[in-house]
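Given below, in the form of structure tokens, are the structures.
One chain, chain A, links the two complexes that follow: it is found with chain B in the first and with chain C in the second.
Take a look at the complex of A and B:
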């Protein structure tokens, strides 16, 4: 039995790990919305593809256990990110670019259609290789090295290493994206484009190219998130992963304030902690309703939209229209 | 069009009787058409709010699910004050009223927002309901799989007609529906369901159509075109939006009740999930956004594509036809990677309709933004009902 402090640490670490996952799912979405103003409904499907691609790399190539497997995981995550990023670039150039001058609803519709196509293609491929599309891909979960599955003692608590791994991976990604946006010249261009793309174009920035790059980047982040989820038994690589990740990603992005990087990270922290706390209550039998985590997450969405429609870090005028 | 829908089941049975399986391959079955009716009604109610006021109600499934769950729970005697033997017509109307009340609650909060934010808050409400109904074990022993009407309480199918008058009622449903022999007509349970559900949908369509063309409907369009101006002219747009939302939810509730009435069961995934709202959106875009009747044709088109390209249940579609008529040499022709053409056909034409639907949908968004009906009206320069007689009149001397 762990003590009171131990329980707090356990719930906190699990909350932060969930927060990293939510941040990973939502970062690409918010990046794309911030610059392009496109609410990408295909984001969840891209995450799902990333999970399968990373799983495929792990199952076919990964050898060894322990740190070698973690090294292979990084390779797989990179492959997933690059591949899915490529899909994103093709999507932007081939389809979404044609719709910038139409009302924003058409971009939602288009990406919704793309979701149907990607999900069904994934289902065909997965079925073809004799896997069950609705169930988690056991083979990919099995490539997780043993020490990730065990626990570490920390301040009187026993914390799963997988959560620490997710936390580290999530923090690294958030820092990397933050550094890219604030410390590099290209990040400056992206931020300028989010602020006012016509002005940026007038100043000589090739905004169309930037749009494509950012869309690819956002899609790549989705692929990276998929790779991370592939190892988590609570998620796992499966075709329904697409809508399972899309909805929390929406919640995080909206709660944080559409298109704001800082808000998204804060909102991911909030949603992750709430998820962990409600899960703890359920596991302890204090609350007996099994859907409590999901229910609370959507209630947060509704509550934030009622009280502060522009989100945590959004600008006031955004909420009105 | 009403006449065309009226003779469809007869036409289908005549063509199917000709044999050869060609009619079965190309025409949707009457069972499917019944589903087209009730889901088409739901899509029309979605269009009523989203297409006419411009507020994308992405949580519309909440009202469809409300209707479906309500009639099933009433039939199972789980709703207080309502006995299990409440006539279906009564519980259906109450389901609509309940959905409308729910819409007033959701709408009074949500209509403070617009654009993407409105879509997201309605989605949030619907998902709260979805999770709640999915995990609430009062509903049935396994709420994740949904609730079915108890066969001991309701051995007969649900009846549509005038409540209390037995001769003016006909039961719907695949196995428990009534059969009718009248003059030379011999209607099976499927056809009876088709006509009775179609009748309700027709009445609902006319009601919505009258509302859209009333002064009330004009204000809705004004809100879509320029809400600030509508407000400046003196309309309390909030009340109009709320009224339209409630009316739309009422018909969505009726549609959900019909859905549950025909199938005798309802599950969270086929009634409350956000992808159900997505299907209504799909139907509206393919059929024509803001045309009211369009979504029904959109869903008809959608289901026809699904039936044609993916074998569902007992029959229909391209696959059985190809299996029968393709010569063996073609079937065994090698495709890529050791897969024969026949195997390729089996893989791609068996239950993967969303793939083609997605492509069709993307094509519609890109190239036919007005949808089927919008395109037709654009070509004719007005609604079909007005332009067709005028066109035919030119040939009359």
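Take a look at the complex of A and C:
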């Protein structure tokens, strides 16, 4: 039986794993909004496409078990990121670019329309291949190696290896994106181009290309998040994954302070931990009420909007009504 | 052939006809001042050259080749730099990052940093600070330093003394004089004594047209002409 310390460790690791997933869902969204000012309502759909692409690679090509399967997963995640990133690049060049000078409502309506198209296309494809669009894709879930499905003893707790895997994957992704933005010349170009596109262009930066790269990067991160969710039985590859991930992603981005990288990471940590704690108390502790974690996430959103409308790391607006 | 030739340029903001046929040229090695009242089209002339606000009529030639139809980054790649009004440093980037970004790809960033810090020693002290936290004068230094390391043959300098204390204006003038030793400058400046001090020639712009031009030599001591230009 798990002791008090073990319970704390289990809840903490669960919270951090959830935080990783929320950060993965929200990173691309916050990059695209923070750097381009575009609220991409198609982000959840891109995550869903990433989950299906990664699942398809795993189901079709993955062989072996143990570390070999994890290696194949990394290949599948890379394929999902590149393909979905490519979709993002096409979206930016073909659709979004024409609307940069228009009010934000145009971009919201456009990306919402793209969501409807992608979701319907996905529904048609999965029905065509005999998969149930509303259930998680069991075949893809089944490609997970046995040791990822088992537990590890840690400080008196029994921690699921899947949570440790999600935590490691999320942390590596956050560090990689941070390093790209702050430690590379192209990251510098991206930050400059998003702050003042005219000045960056006058210094020789091809700003249009930078915007395409940023959108592709944000979409690619959605694809990567989808790959990670494809292996998690709480999520799984399914058409509704689009809306299931879009809402928490928006909550994390708003709580963090629209478009701030640091705020998004902190908010993901906060939402993940609160989710884990409330899930523990209401599922296993006080009473059984499984819908509480979703409710809690939105309560955090309401609380932050009331107390600190600009979010954790956002700048306060001056004036307004 | 002049380094820069602006020929009968007409530029609009929406339906507003701002430049109504500006014509001017800048020879290699010169400092040329564009003077005139607020809102007569001086900044728009620079923006038209850079293709930030592309002209609807007329031509802009740099080193004999037309710039019209190019993207701004392509104009920059040809060697035309910009020190804009209000400095426009990247506020969320550090001073060092602002300078590094201005060094053209393939050039030595460390050498660029050293050039900037030698020209403006104060900037070395603030290298790790966000540029947005600098004072107006320090931001102007950074803006000029960016132009310096951007390896331009022609620099378009817009109102470098605007909003600065007199002592800082002197520093800025000295810095621009140093830059002008190996860079051609087209300078927009409302501070007439400063413009005349720095420039070899001047153009007066009014209502989107060039209405006067000449050498700056002797203007500062020619009371009647100085008064007319000041007006």
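Throughout what follows, the second predicted complex is superposed on the first by the 313 of 321 C-alpha atoms of A that agree within 3 Å, B and C clash if a C-alpha of one lies under 4 Å from a C-alpha of the other, contacts with A are read in each partner's own complex, and residues count from 1 in each chain.
Heads up, the rule we're going with is that a residue touches a chain if its C-beta (ideal position, glycine included) is under 8 Å from a C-beta of that chain, and two chains touch if they have at least 3 such contacts.
Since this is a predicted model, take the numbers as computed values, not measurements.
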| Just chain B (first), just chain C (second), both, or neither: which does A:198 touch? | second
| message | Tell me the contact category for A:258 with respect to chain B and chain C: first, second, both or neither. | response | first
| query | Is the number of chain A residues in contact higher for chain B or for chain C? | reply | B
| query | In the superposed view, which residues of chain A touch chain B and also chain C? | reply | none
| said: Looking at the complex, which residues from chain A come into contact with chain B? | reply: 39, 95, 98-99, 102, 104-106, 108-110, 112-121, 123-124, 128, 243, 247, 250-251, 254, 258, 289-291, 294-295, 298-299, 301-302, 305-306, 309, 319-321
| field | Partner chain C, residues of chain A touching it in the complex | value | 185, 188-189, 191-192, 195-196, 198-208
| request: Would you mind writing out the residues of chain B in touch with chain A in their complex? | output: 56, 109, 112-117, 119-121, 123-125, 127-128, 131-132, 134-136, 274-275, 278, 281-282, 285, 347-348, 352, 354-355, 357-359, 361-362, 365-366, 369
| task | Provide the residue numbers of chain C that touch chain A in the complex, in ascending order. | result | 50, 52, 71-73, 75-77, 81-82, 84, 88, 90-93, 97, 100-102, 104-105, 146, 150
